[in-house]
Amino acid sequence: MSGIGQCKEGDAITQYLLIKSATKSVASNGKPFMTLILQDITGDIEAKLWDSSEQDEQDYTADTIVKIEGDITTFRGKLQLRIKRIRLATDQDPIEKSDLVPSAPMEITEMVDYINQFVFAIENPNIQRITRALVKKHQQPFFEYPAAVKNHHEFVSGLAYHVVSMLKLAKSITELYPDLDTDLLYAGIILHDMGKVTELSGVTAPSYTVEGKLLGHISIMANEVVQTAQELGIEGDEVTVLQHLILSHHGKTEWGSPKPPLIREAEVLHMIDNFDAKITMLNRALDKANPGDFTEKLFPMENRSFYKPAYLTNTTLVEN
Amino acid sequence: MSGIGQCKEGDAITQYLLIKSATKSVASNGKPFMTLILQDITGDIEAKLWDSSEQDEQDYTADTIVKIEGDITTFRGKLQLRIKRIRLATDQDPIEKSDLVPSAPMEITEMVDYINQFVFAIENPNIQRITRALVKKHQQPFFEYPAAVKNHHEFVSGLAYHVVSMLKLAKSITELYPDLDTDLLYAGIILHDMGKVTELSGVTAPSYTVEGKLLGHISIMANEVVQTAQELGIEGDEVTVLQHLILSHHGKTEWGSPKPPLIREAEVLHMIDNFDAKITMLNRALDKANPGDFTEKLFPMENRSFYKPAYLTNTTLVEN
Amino acid sequence: MSGIGQCKEGDAITQYLLIKSATKSVASNGKPFMTLILQDITGDIEAKLWDSSEQDEQDYTADTIVKIEGDITTFRGKLQLRIKRIRLATDQDPIEKSDLVPSAPMEITEMVDYINQFVFAIENPNIQRITRALVKKHQQPFFEYPAAVKNHHEFVSGLAYHVVSMLKLAKSITELYPDLDTDLLYAGIILHDMGKVTELSGVTAPSYTVEGKLLGHISIMANEVVQTAQELGIEGDEVTVLQHLILSHHGKTEWGSPKPPLIREAEVLHMIDNFDAKITMLNRALDKANPGDFTEKLFPMENRSFYKPAYLTNTTLVEN
Amino acid sequence: MSGIGQCKEGDAITQYLLIKSATKSVASNGKPFMTLILQDITGDIEAKLWDSSEQDEQDYTADTIVKIEGDITTFRGKLQLRIKRIRLATDQDPIEKSDLVPSAPMEITEMVDYINQFVFAIENPNIQRITRALVKKHQQPFFEYPAAVKNHHEFVSGLAYHVVSMLKLAKSITELYPDLDTDLLYAGIILHDMGKVTELSGVTAPSYTVEGKLLGHISIMANEVVQTAQELGIEGDEVTVLQHLILSHHGKTEWGSPKPPLIREAEVLHMIDNFDAKITMLNRALDKANPGDFTEKLFPMENRSFYKPAYLTNTTLVEN
Amino acid sequence: MSGIGQCKEGDAITQYLLIKSATKSVASNGKPFMTLILQDITGDIEAKLWDSSEQDEQDYTADTIVKIEGDITTFRGKLQLRIKRIRLATDQDPIEKSDLVPSAPMEITEMVDYINQFVFAIENPNIQRITRALVKKHQQPFFEYPAAVKNHHEFVSGLAYHVVSMLKLAKSITELYPDLDTDLLYAGIILHDMGKVTELSGVTAPSYTVEGKLLGHISIMANEVVQTAQELGIEGDEVTVLQHLILSHHGKTEWGSPKPPLIREAEVLHMIDNFDAKITMLNRALDKANPGDFTEKLFPMENRSFYKPAYLTNTTLVEN
Amino acid sequence: MSGIGQCKEGDAITQYLLIKSATKSVASNGKPFMTLILQDITGDIEAKLWDSSEQDEQDYTADTIVKIEGDITTFRGKLQLRIKRIRLATDQDPIEKSDLVPSAPMEITEMVDYINQFVFAIENPNIQRITRALVKKHQQPFFEYPAAVKNHHEFVSGLAYHVVSMLKLAKSITELYPDLDTDLLYAGIILHDMGKVTELSGVTAPSYTVEGKLLGHISIMANEVVQTAQELGIEGDEVTVLQHLILSHHGKTEWGSPKPPLIREAEVLHMIDNFDAKITMLNRALDKANPGDFTEKLFPMENRSFYKPAYLTNTTLVEN
């Protein structure tokens, strides 16, 4: 059966859905109700849960799976799900969160292989060993976590997928600018955001942990590099340099890097990170716009609204 | 014979040299003298012209070729040229400025071919025709001008070489991010800085023209796009979009773009421009530094001084 | 009969009105309704259209004329129009938009005369011919367009009226500071915002066109100056200088001028533009305030709220 | 006889001159010498006082009149005064500082009349009486002080002349924008910078007093307004409003106004002040430049260098 | 009986309360109602006044005492007061505003004594006499006014209490840094915010007066210092210095000080002021948070949200 | 015998001095010479070493001790040391650097005791153990290093003395604001700058190490806290919180803290750090100024120049 993203008015559905967000309100008759945004992997839809009880409010919270029976109506031009029955999914239900949330467009195993290829391409033994040890240490969350809470790569395995894209870009760039040190650049890319597995609370509907708020993924990870180096008995310039790449990857102190990039590969790492994040945001926003229109405003890009040239056919919508 | 960049103390030379800069001073005995920086393609050296006359001051100005007989001495650890004879080069002398100034590490003909390849790869006929017409119109200066007065690509053919590097980068990037419109991106790269042939005064020792100061290469070029389109009878979205790419390529209004990038390819154009300029500056600064040292401060990169990791062998010095 | 701005509670009206804005909402009974702001030349009033249909939503959009029968009620201290009948105006109705929207407090013909006087006062033939040609080319929209979407001179013929006010100011100033070049200043004033006839979508309820968003009225107009010069066979310093006046009239790069003013008259043009805009905003805001009170916050003036001194009698309210 | 500004090489002079600045240095022979800039009303010239004694250093300081016998030589293309005899002027010498320093291009008596005219044009009796009392209180320095230490109106009577120019401008503007309150605007203009008679140390070669540095002319003058009002037994809104005009005339807190303009006439006062200062600076800088050239950089105008259009004949040089 | 801050669901109350804020709305049935925030010294509670009349809206405004009979209900987890009867308090009612608003945790008489101690500790007679005269002049409001409209010390006698805290801090600091001039620092602390008795409208629910908005407490008070000095026949450096301390106590021009601190004790005054304000805000916000949680966002502290460490027991909640 | 700071013109000296800085120049006769700044514990003096050899340039570098015979002359009002004999000090000479450089006005042993007192006053065992371990680990450099390269506490033991002053201040403050957690605050103060023992190159004439430049003392120390906690087997909130105090102590991201203070005690730590540094700078600058004068400009305090009130007797000069 097709997912919630393909429903049409009049469809009746019985389906597992993940609650993406749940908001309580009071109707004009004074009675409480809830507005749920429900998702599966194909998209999301709004539903109202009228006359909600306190129990409902406790049960139906964000990041919870529910089983719903209902039908699709239209409300002022937008599809809405009218709930007939709703219950929490239990361990007996044949469903997992990962079945319901979007994830990277690449298999985890494939990403593991791809990234490991680059780990082993690092020729400096100190840099390789530190990188390898850290990938191994955080193996599972590293390949499952999103890269952010919102804005870009905020899907399952978004962190690893962001790394894969950056490595591809780095490979091309180092071929064009052969002075660049591939060891440093590859290691920097693989490690730069790995601290997010501590900064964020989990794979789906993540929030910031206390450590994340007080220390940030940058300091967390710079720290892990030293610890790992010590455990491996590695000392010297490479350890300092690797830490610096992580510390400086936000590019400016006002963006949270305690030091700006002071090594060429740190500057390149920052630019590649920025590049992949921006293109990803732009592609997604433009996919939703028609030729001749402007996208919604993109907050992390100075709130700009981008134009999709009118002379383009809308083929990119299909491709993606 | 080897050039001025390879001289050692004690060498006697008789050579054509280009005056890179000429400064007048008064010695402690009250007599005027001049300090000349003299260059050939291999490097530059300082020389003092003692007891200089008013005629000397008129003759020996920046961007002038002289023939010099002298010998190499050391003054406080730095090589200096002691002038025995000096005269202006004339039309009879078998020397041209281009023999004495550094230029792009690629033949002009090769760059012409490379860039044309991209012109012809543009599939949209309107964009291709405008681009082709402008490359043709400015053919000679476009392939000879530097990209700037200083900081990066400030050598003969620096403008075209910068475009070549950006096209290479764009080609790699569009393969990795296939949603990008290659037509727009290629045309934008080729045209974005072409206004510099009007903004700058010439190929060697360039300064800003009045038009350059009052209008800037951005407005100059956006304007030429419209004129060319009109001459070719082209109208519509493509003309607006191409103009926008040029207008927005500095990325922010405070950096002189009247509009920030509002088209995906305009954003990418800005990032690629930035990328190539920064890497070029970094490579050059790092080539002069030893492993374990920091470079001189790079003004256009927030005055940062970059570290060359100590664990690296100095092979890049040789390669470049 | 008096207009909507003079109505009192209890009045019954049958009148043509222009929809200034139309917003859809849902009432607490779940039924859709629309909130319309309706204007004639004397002011505006709010009205609710209860139980609105989809057809209503399609018909009653901003910038549309309707004929309404209704009466004036008070709702929480504010007048409101209770709609009894509403229909779209048709070509048969003896009404035009210009009858319903505020416009400049000066006849168009008078403004044409006034501005032409200044065109002909320009002594430099190159500057005069370019200015004259452009006024002629854009004659109709130039004398009908507003100067902005909101904030100041956002009424019919606001653009030309803004130019008239600036010319008056320029005339006084050049008498006091005779070094100023009147040719340049007059031409600059007449042309500086003329690109708005391309940047904005129309005379009433204007929005930004795609060209407006991607290029802006500054680049559009600088471009037209060159084209016009070429058509007239004019070359040289005057063309560059005129372009510069237009390019720099926002005063700073961060305000969208690719170059800051670098010519005395460009600086003066910027200051006069600023002066007329600010005084116009201030006068309007103060007209609505009572002595001893502060105005509403003025967003384009750093959100300041201005004081109307208590010792002043409220005569300015009458005068204006 | 003509002044120092008209001398030519070879002229012998015997003349009173004011020391504009005096700098001590050591010659390459280890002996001390002084560099003096000497001025009369027609201009200034540099002179060296070789082998200067400690007494010389104590005597020949800035703002001192000397009698000099010497002749005019040329040193590297610039005129220089070779001192044959120098002595301090004494009370017996028929010379006063005011004979040697540039001053406003309007007689003091004429300025007194002009400004008084505006004082008496103020209709509000409270505002008029306060303004009149303060003009009277500071009569002498107000009409003699410069408006600043440097940049604009830094000549004798520059303060009053700046006020005169602003009043002229205000008169024109209030005719064009009749809503403006002339009482407030005229009083504000006359008083806004009057605190400079306390902030600055004197008429010629002024520096900042301790009160000037710690309080500034803005706070000093706002304070005097209240005191004067109290002495005259005036209370109420006008006193507050007048103070506000003075406090806010720098336009922004970051420019030293404790409050930004919050009254229309305060905003206009700020704009007129700014306008007169900028035009004055621009006129002076452009007078020294040739058509087709750029002026020196103007620090208080964001360090911009202004262009004097090439197509202009140099008539303004003559006029001024 | 306990206050409104200690009520529980089901309690019936008959009590005087001060209206802290009153907002008008329209219910979904189209009828007007008011939302009142009602306070006594123990806290505040929300109440709805359904079907409110125009008279109600006129009567029940902020800073008015009402007598209310009602009972405490719960609405969506928050206590609410259901109004049964409400009337304005009259002069006959045995209640005063000060009975209903929070005030400084120190008796006024105690604060008077404490502050006077410091006045008399000032050894410089000029500084002491000015300070003493001003404390005497503003005696009553100085000891009753809040220090601000919101954010910190916005309770009865908040101004004097803020001064007391700062004096305590100054005493400790001057013992540790004995170079500091206690005379200046004590006088500066006592006077720095005294202008607030003119800037603010009153003791409870204060707003800004016209003088407050146009001049600000800084200019008002600097001015009073001079006037007082004149009345006492005091002249000289101390008067200038005291004014400077007041003028500069916001620390930067962009924060409203016309001069930044240019005297050591002025800098210290600014730092102590800042310190006491911030700690007070932080303490209050943290008192409401549980260990392991973050506080609400604190707007005047760059909108930061502060963490209360999880390892702390919640004893501070009890203590305060 | 008295030191170099007490010499008068005509004195003959034979003394060990530390070279504070050494600069090479060329005299007007074309011969090289060196300008040395020589210091002992009482002050410093300039000396010229004429006709210096290459050997001299290699020998007489900053941070080197020399033995000098010479006499004191006056050159243009400033004392200067005329060198008669100079040689490098050797291991046989009875002199150590610490004899020649200023150091904290408190014995190291006293500081050790004082700081340890606070370590043991920390009640939370986790926080105490981590702090104690780190003080022990860095014991020697921690009590010998300066706190900075310049500006404040740039003398021997400046780091520990800065900590001592801050602890004193913290003690007073926590008595006045008892909600503050002394454990956190004391530990934060003791540890916050300890990373400087890695960031700086040594005790005298320190420069930044590569680690210092690439990582900074903030990241270095945050890292050491975690390592130490791991070695001690400590986990949990306290470790995160301590790290946060160190990471945030510069107060803002643009000042190099990757996180702004998000814990009350972190904010207080930042304010105390700031307070002690500023007072120290101010005291030193004012000690050199006479009453009625302004200090030199203080770069780290926004380049302000501070006033020393004229009414003060110069007793602080004596005291200090």
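Note that the chains are named A, B, C, D, E and F in the order they appear, and that numbering of residues resets to 1 at the start of each chain.
Here is the rule we go by: contacts are C-beta pairs under 8 Å (C-beta built on N, C-alpha and C of every residue); 3 or more make two chains touch, one makes a residue touch a chain.
All values reported here derive from a predicted model rather than from experimental measurement.
The chains that touch subunit C as well as subunit D are B, E.
Within the contact network of the assembly, the step distance from subunit B to subunit F comes to 1. A rotation of 120 degrees, rounded to a multiple of 5, brings the CA atoms of subunit C into register with those of subunit E. Homomeric contact subunit A/subunit F is classed as same-residue, with over half of its interface positions used by both copies.
Looking at which of D-E and D-F shares more C-beta pairs in contact, the answer is the pair D-E.
Distances between chain centres, each the mean of the C-alpha atoms, put F farthest from subunit C.
The mean-CA centres of subunit A and subunit C are about 45 angstrom from one another, to the nearest whole unit.
Rounded to whole angstrom units, the spacing between the C-alpha centres of subunit A and subunit B is 41.
In whole angstrom, the spacing between the mean C-alpha positions of subunit B and subunit E is 62.
Shared interface positions of subunit D, defined as residues touching 2 or more other chains, are 28-29, 210, 213-214, 237, 241, 244, 262-263, 292, 294, 307, 310. Remark: the chains found to touch one another pair up as A-B, A-C, A-E, A-F, B-C, B-D, B-F, C-D, C-E, D-E, D-F, E-F.
Chain contact summary for the complex, subunit A toward subunit B: residues 124, 126, 165, 168-169, 172-173, 175-181, 184, 236-238, 241, 244, 260-264, 267-268, 271, 274-275, 278-279, 282-283, 286, 292, 294, 301-302, 304-307, 309-312, 316, 319-320. Considering their complex, residues 27-29, 76, 292, 294, 307, 310 of subunit D touch subunit B.
Across the interface of their complex, subunit B is touched by residues 24, 26, 28-29, 32, 210, 213-214 of subunit F.
Subunit C makes touch with subunit B in their complex at residues 210-211, 213-216, 218-219, 222-223, 226-227, 230, 237, 240-241, 243-244, 247, 253-259, 262-263.
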